[in-house]
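Lettered A, B, C and D in written order, each chain numbered from 1.
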Amino acid sequence: MQVFPPSTNTISRVSIFGALFFAGGLLFVVYMIFRSPYVTQAHVVQEQPVPFSHEHHVTALGLDCRYCHTSVEKSRFAGIPATETCMTCHSQIWVNSPMLEPVRRSMRNNEPIRWNRVHDLPDYAYFDHAIHVNKGVGCTSCHGQVDKMPLMRKEEPMTMEWCLACHRQPERHLRPIEDVFNMDWVPPKDQLALGRDLIKKQHIPVDRLTNCYVCHR
Amino acid sequence: MSIQSQMTNGIDLAAVRERLAGQRGPRYWRSLEELAETPEFQAFLEREFPNGAPEVLDPGSRRTFLKLMGASLALAGVSGCTSQPGEKIVPYVRAPEQLIPGKPLFYATAISKSGFPVGVLAESHMGRPTMLEGNERHPDSLGGMDTFTQASVLTLYDPDRSQVVTRRNGKISTWDLFLHEAVRVLNARRSSKGQGVHILTETVTSPSLARQIKAFLEAFPEAVWHQYQPVNRDQARAGAKLAFGRDVTPHYQVAKADVIFALGSDFLAQGPGHLRWARDFASRRETLESMNRLYVVDTTPTITGGMADHRLPAVGHRVADFANFLARELEIKVAEPGGPLLEHEAHWVRALAKDLKKNQGKCLVVTGDDQPAVVHALVHAMNQALGNVGNTVSYTEPVEHGAVDHQESLRALAGDLDAGKVEFLMVLGTNPAYHAPVDLNFAQKLPKAQFSVHLGLYEDETAALCQWHLPETHELEAWGDVLASDGTATIQQPLISPLYDGRSAIELFASLLGEPSRPGLEAGYEIVRETWKARSDLQVGIDFETFWRTAVHEGVVEGTSLKPVEVKLAADLAQAPMPKRPNDDAIEIVFRPDPTIWDGRYANNGWLQELPKPLTKLTWDNAAQVAPALAERLGLNNGDVVELEYEGRKLEAPIWISPGHADRSVTVTLGYGRTRAGRVGNGTGFNAYLLRTAAAPSLGSGVEIRKTGRTYLLAGTDLHRNVMAPNETGEAAAERHLIRVATIDEYRKDPKFAQEMEHVPSPHESLYTEIEGSVDRIDREHGATLPASGSGYAWGMSINLNACMGCGVCVVACQAENNIPIVGKEQVAYGREMQWLDIDRYYQGDLDNPETYHQPRTCMHCENAPCEVVCPVAATVHDDEGINNMVYNRCVGTRYCGNNCPYKVRHFNFFHYSKPKAPSLVVLNNPDVTVRARGVMEKCTYCIQRVNEARSAAQISGNPIRDSDLKTACQSACPTRAIVFGDVNNPESQVSKTKADPRNYGILTDLNTRPRTTYLARLRNPNPEIETESTHGV
Amino acid sequence: MKTQPPPIYGLMAEYTSADAVVAAATTAYEAGFRRMDAYSPYPVEGLAEAIGFTRNRLPTLVLIGGLAGAITAFTVMWFSSTIHYPINVGGRPHLSWPAFIPITFELTVLGAALTTVLGMLGLNGLPMPHHPVFNVPSFKLASRNRFFLCIQSDDPKFDTVTTRQFLEGLGEPKSVSVVETSAGGEATGLGH
Amino acid sequence: MASEHPEPQEANGHAILAPGHTYASVTDKISAIALTSPYRRSWIVGFVIAFALTMMLLTTITAVLVEGVGLFGIRRPVMWGFDIVNFVWWIGIGHAGTLISAVLLLFKQEWRTSINRFAEAMTLFAVACAGLYPLMHMGRPWYFYWLLPYPNTMSLWPQWRSPLVWDVFAVSTYATVSLLFWYVGLIPDLATFRDRAKNRYAKWIYGILAMGWRGSAIHWHRYRTAYMLLAGIATPLVVSVHTVVSLDFAAGVVPGWHTTVFPPYFVAGAIYSGFAMVLTLAIPLRVYYGLQDFITLKHLENMAKILLVTGLIVTYGYALEAFFAWYSSNTYEQFMMKNRATGPYWHTYALLILCNCTAVQVLWFKRARTCVPLLFVLSIIINIGMWLERYVIVVTSLARDFVPAAWNLYHGSFWDYTMYYGTIGLFFALLFIFIRVLPVISIAEMRELVAETRERHGGDEHGHAHPDEDDDELDLVASSG
């Protein structure tokens, strides 16, 4: 005897294909999620105790990166300015702007300002600012147009994939040493040619840049 | 902690002897179990869970052990691969000058033990010391390190250190309250010129402290300064007095000696100058031409005995007879000996005497601090007779201040305490309540002091009996100064401001004497500076500031070493009576400081507790060591608990059978059985001080050994690996040529003996063509790896078995540098220890007096690494410089690599060993090394973090990496420079040169693994008169 | 004159033995019937041929499926280990082809197996839980011990009356019953 | 003949189907087991025990996930223990199923018909158990997917040279193909169940699973092709899978692992243990559900023969290992062999030889091959023996390989055992369920068999003997209980 109504034929086929598409779609969604700002935190502005504007200090006042990030050329760690660095100016200007109260408090009570880390790599990935800066990787290559950021945000996903992209073909991103801290540097038309020269000039061991030890210990 | 049976029934040592006798050719053996093939042993093998596995595997008790171990488990600042919460970033308020964030700074200072220092460069990351390197300028260590110094950085962060001032009734108090109280009491004593005021310290070399004690004694003329430490130089001092009529300290130029006779002395591992002596000794075993020869007579097997070309075991009481006999051979008038030597001994000593005479002025006789005074006197006489004085031996005034006889000094204090004469007692950094001679009953007398205060790192046994306890600063926390054995001064600078409310001894004195008002660090700074301002003789032509800055920066104060003094043998030694010999069948008991926790002061240091002891390879416990022969007679076995009865006092201890131990003698090491050491140290081992009397501090006779029938779990890294190996390990080790030895004659005949022992497959035997570029060719001649030209850096290591003494400092250095957690006794016993370096100890030959060989074994960084091929996720792969990278955060823990590694150098985090345990340990971690999570494989990385730092520095500066720029942790710690690491591609590098040496060989190279780490074969320099037939090497 | 074809799926004769239904099918085919199908509780030799089924495209599909698996496998391994992220693993060449064989083989098998099953179902037009033949009460025995021959109404030579007579005369069937098309049944014509 | 065998059912032991069976009778009898026969105490008790063990398995898994693999007995240098031993053991057991359904099909061995269904089921369940181990033995199981190639933000891939990655593909392919094979075989029977189930939910579920199978001649035709194709595909697969598993060891450098003989003798071993397990299951099954007519002595004897053959191949493998060791004059190999025979695990090795090589020799005698209780005992002995074989290979080789200083013993811990017995529980729990919900013997193929036997016995008089058998279905069902 007939167990199922006619409609089941359609239903059964639809459901089979439906399941396939759903599974596929799900995988795709997961794939996208892991590259989305939700996971990578790219383009996400972090709350900070003081709404510090890189835009203002870099573009308007024309401060050089190294004025605050002093150790960027010497050390793995670029360095976050000590409160006294802020106070060099802010003991004269904006002396009683409420925005800067945390800075003054820090100076008064000798308590550090606790910033929220914007570029936070996993602890098992060891990044060295010095070597990048000294070999011609510009600030903007990783940090984006900081001079256009009223509030600091991470510009790139900073996934391993992303790091490797450059470690595989540094020539696409390298720039002359003198332009490393240049915010307005734009790659020339012959970037690849330029990059290749720089690789030679800087003795960059391209073949070894993807070795595991480069980042993991 | 469970008592688990190691072995129920006897090893048939007779059978073992036969087996050894029947041996043709060399065979190595590692533990007695392996030599015994008794049915009982087999039965034991079949028993489920040897070594108390069930406890380990039951989570319940695992947690308890973790809790216990907690104190020393490194904290996981990172756990490989777990997504981390949002991080804060905290800048300085005022940035310290000369500090570059993210770059470590190195400060020269010194870490001392009982007054004598090892010079170090302390690595500081953003203001926190994480690692100690040797200071090459320091005369006593020349850049080498010993285990105690290396591990002291862990003590700095030990959460069990005392943190506040406390009163006996446990009330937390403050420095001000204490000072107020103390000063009141002292002032009350001024009228009586300080009668009843007593100070107890260890040996003091610090000029500043000495200066203050002097000042104190001036303020209180009647006050008494006592000194006591359980391991002291009383006998040596007495010996010097006996020989020269005054107290002088001998200094040895080991490097100048062609023939050395160590009479009951472990001079390579003990004594203020041992690091330097070891270096000098090793330096003379580099080449055939320079080979020196070492004779050793000792009771307990020692590191020095292990390095000997000829060793004789002798019970402690007969050491004097050897001295006497040798003296006679050297035509020195001496009294009647306590007893004669056996024939083979006599023959041995005669040969030795001949050898010494042959090398007049180029030989050296040394004896141990714990030998009787007369032996010291005789040794001085011999060196005189042999014309060594001025060549290999020189004498200076004692380095320490107010040198006294410690035994007497403490006895006096005990007397006064008993008589109730002590109204003010200040104990500085020593722990008599625990380690005073048992017959002084010091612990009972101490409370009789009317006012007593204890200054120490820990609230220890003594602190518990004093009215006040004051937390002491660690040497990395305070200003200070110390003198090396030759008098060279080091100014100690603080690396970090005191973690707790501690003060140093000199700061304490400062406050008591009311001089500079400011407490703490500044006070210490002031005092030390004043001390050195006073030494105007050192500042001719330079102003003090320059002098001070150089002194602090260099870590040594130039020109402070003592000038040798003229000595002449005073009395006719024939008058000096030789010690009487107890009746021969009495069993003697020998007290020795423990090789890893010394007199007990390091009991709470997990690194040292878990460090396998150089010869016994035991961890976490001491044991009563006996000779195989004695064990045989008494039917004893490893782990059997025996009752030792000595002079009416009883003590229970597990037995450890030490091959090469003197018969009729049992050795116990001090320092264990602490009750107030801290969470790590409490309850480990047994307290040997309970048998140690003032009369016989190092050697007593007439000890009774009774079996209790119980057994005790001893966690020996050697035992647990070989317990199941009846007889095979030795043969296998020989067959596989892991250790390669030759006498210098054999070596002369056949310099390539080491390389002829293996077949290295040629590349054509592979299915694959080698991977382009990175893999370096193998040199068929040498079996060593020589790099393909122009392939950039190629890192490699070479370990010189001729220099390695097996002291184990490399293991601790590695542990400190690479954030290696300790795992606790049960896990070690179960074979899960994490140290990346294993030092394998092999014996060869006679059970009663075997030769000892040490072989450090760690990742060989094979060019054709078997581990890499089997990793399913590419977590361990090769880089282009030939280092076998281990990417922890990619590891999923299949452990396939561990199985496929022929060298078995991979260690697995079976549990979360690195689990955070104490906040203070957070900062101990090396920020450059990932802390490994649970379920992750780890192994030696050639200190990849250092390679990386060096590389990026080099790439920025543009100069290639030189040997001097890059040292692995083990390499820089090694006192004998046995470990060499560097760029194999650079023909100038030391490592390439070493690898070109014909003695260079890799192990298991016939597997075509092409290890980057290779060894230099061991050479022996026997005296043909003693050694007739040779069964060594090939 | 032709009457409107009735709203039925077809006529079905029931047999108790395999030989009978094969014989019946052969005769019916000779008689010119084409749109028909036979049903049996187990695969009966020659029955399919008897109702004019000849070519089977399944094996070709399977071959393609297998090859697809193989190619995918090797390409992925070759690409990942030589182009995308070449790493020195134990000194072995990047393209360690001998090591790639096992996986290539496994995926070949997987590809082939999947196409076999899906192909078979697809070609058979399954799943089709509903089908007019199920309307015949005795048809449930088709999965036990009965054999059926069904001539479908969409066969040009089909005629309710004549075809019924034809079937009844065809090797003494146990019965001949009408296969109703269920309301809204779109099953007609499916099944080949 | 008959006199040799006490129990009446065993009469005519040489047919692979007892006489007197019709399409209807086989259909009714087999479907009755799942559809109508009542739950027996033996089933309930058995299921409860199996289920309890499964719960123990879950507990173990939780414990290991929480505390870490340190709970197992593993330690340096024996980094693999029960986990891999059991993995190989289970996978091996699985092999009989595919072999029976595929290889015997290709060789037109009719006798496979009445055992292939539950042999395949056994395969699936065994593979499921096996699959647990590689997963749970990992230090960080939650990253198992790193062994699969998928687009990831690390732009990393599996390390294709690792036999473990081959395992992943081999085992998952094997599982998939076995499942397909099983399901395809089930489709017609599911249709039968759809038509015979009384409960409408059951009808509905079986109906969905049957996908509307109606036994159309053309469908049957393609079905046949597909089934043969699958058989053809599965045959090399079954060989490859255990080959790959053997490569987990053979690809390593460890003496005792690194041997060329491994692939063939692992495959043989797998079939050996597989058939042993089939016997262990079939013998009770045929008694409990009175299936002696379908699973006759002939079947048992044939399987016994296969046991004998594979047993000899395995023995040959052991012999070769020893020979290689001697002939290679390689220190490590020779020591390995010596160590196996005389080392701390000598008793394991001895027992293994006893179980796998010695015991099986009785099967040279027909009497033994047809003595059911003996076969049952023997099958269990062989299962144990094959487990020991893996234990010897994994543990003794690792316990003492190259560097004597690193040698150490291994013993399974408490948790090792709970996990092992747990998977056995899971295996039987699944099997018990299977018996109650699906036809344990392929009905359609049995009908075919009936047809073929008839041709052999001339004509289908049985068919006519009961002209209206379908009318008294219920009685038949009842009588078949």
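The working rule: contacts are C-beta pairs under 8 Å (C-beta built on N, C-alpha and C of every residue); 3 or more make two chains touch, one makes a residue touch a chain.
Every value quoted in this text rests on a predicted model; they were computed, and no experiment measured them.
Chemist: From chain A, which chain is the farthest off, judged by mean CA positions?
Modeler: C
Chemist: Looking only at C-beta pairs in contact, point me to the busier pair out of A-B and A-C.
Modeler: Of A-B and A-C, it is A-B that has more C-beta pairs in contact.
Chemist: What whole-Å value do you get for the distance between chain A and chain B if each is reduced to the mean of its CA atoms?
Modeler: Chain centres of chain A and chain B, defined by C-alpha means, are spaced 47 Å apart.
Chemist: State, to the nearest whole Å, the distance from the C-alpha centre of chain A to the C-alpha centre of chain C.
Modeler: So the centroids are 58 Å from each other.
Chemist: Can you compute the centre-to-centre distance for chain C and chain D, using the mean CA position of each chain? Integer Å is fine.
Modeler: 31
Chemist: Could you grab the centroid distance between chain A and chain D? Build each centroid from C-alpha atoms only and quote it in angstrom.
Modeler: Whole-Å distance between the two chain centres: 54.
Chemist: Where in chain C do residues touch at least two different other chains?
Modeler: Touching at least two other chains: 85, 87, 89-90, 92, 96, 127-130, 134, 139-140.
Chemist: Can you list every residue of chain B that touches 2 or more other chains, as numbers and ranges?
Modeler: If we look for residues of chain B contacting two or more partner chains, we find 81, 866, 868-869, 871, 874, 877, 879-880, 890.
Chemist: Spell out, as numbers or ranges, the residues of chain A touching 2 or more other chains.
Modeler: In chain A, residues 3-4, 9, 12, 164, 212 touch at least two other chains, as defined above.
Chemist: In their complex, what parts of chain C are in touch with chain D?
Modeler: Residues 16-19, 25, 37-44, 47-48, 50-51, 53, 56, 58-59, 62, 66, 76-77, 80-81, 84-85, 89-90, 92, 96, 99-100, 102-103, 105-107, 109-110, 112-114, 116-117, 119-121, 123-124, 126-131, 133-134, 139-146, 191-192.
Chemist: Which part of chain A faces chain B closely enough to touch in the complex?
Modeler: Those residues of chain A that touch chain B are 46, 70-71, 74-77, 79-85, 106-107, 110-117, 120, 122-124, 126, 128, 130-131, 134-135, 203, 205, 207-208, 211-214, 216-217.
Chemist: So in the complex, the part of chain C that touches chain A is made up of which residues?
Modeler: Touch list, chain C to chain A: 85, 87, 127-130, 134-135, 137, 139-140, 182-187.
Chemist: Of all residues in chain D, which touch chain C in the complex?
Modeler: Of all residues in chain D, those touching chain C are 22-24, 27-28, 149, 155-157, 159-161, 165-166, 169-170, 173, 176-177, 180-181, 183-184, 188, 191-192, 194-196, 207-208, 210-226, 229-230, 233-234, 236-237, 240, 243-244, 247, 444-445, 447-448, 451, 460, 463, 467, 469-470.
Chemist: What residues of chain D sit close enough to touch chain B in their complex?
Modeler: So the residues of chain D touching chain B come out as 63, 67-77, 79-80, 134, 137-141, 143-144, 146-147, 156-159, 161-165, 168, 248, 251-254, 331-332, 335, 339, 343-344, 347, 398-409, 411, 413-415.
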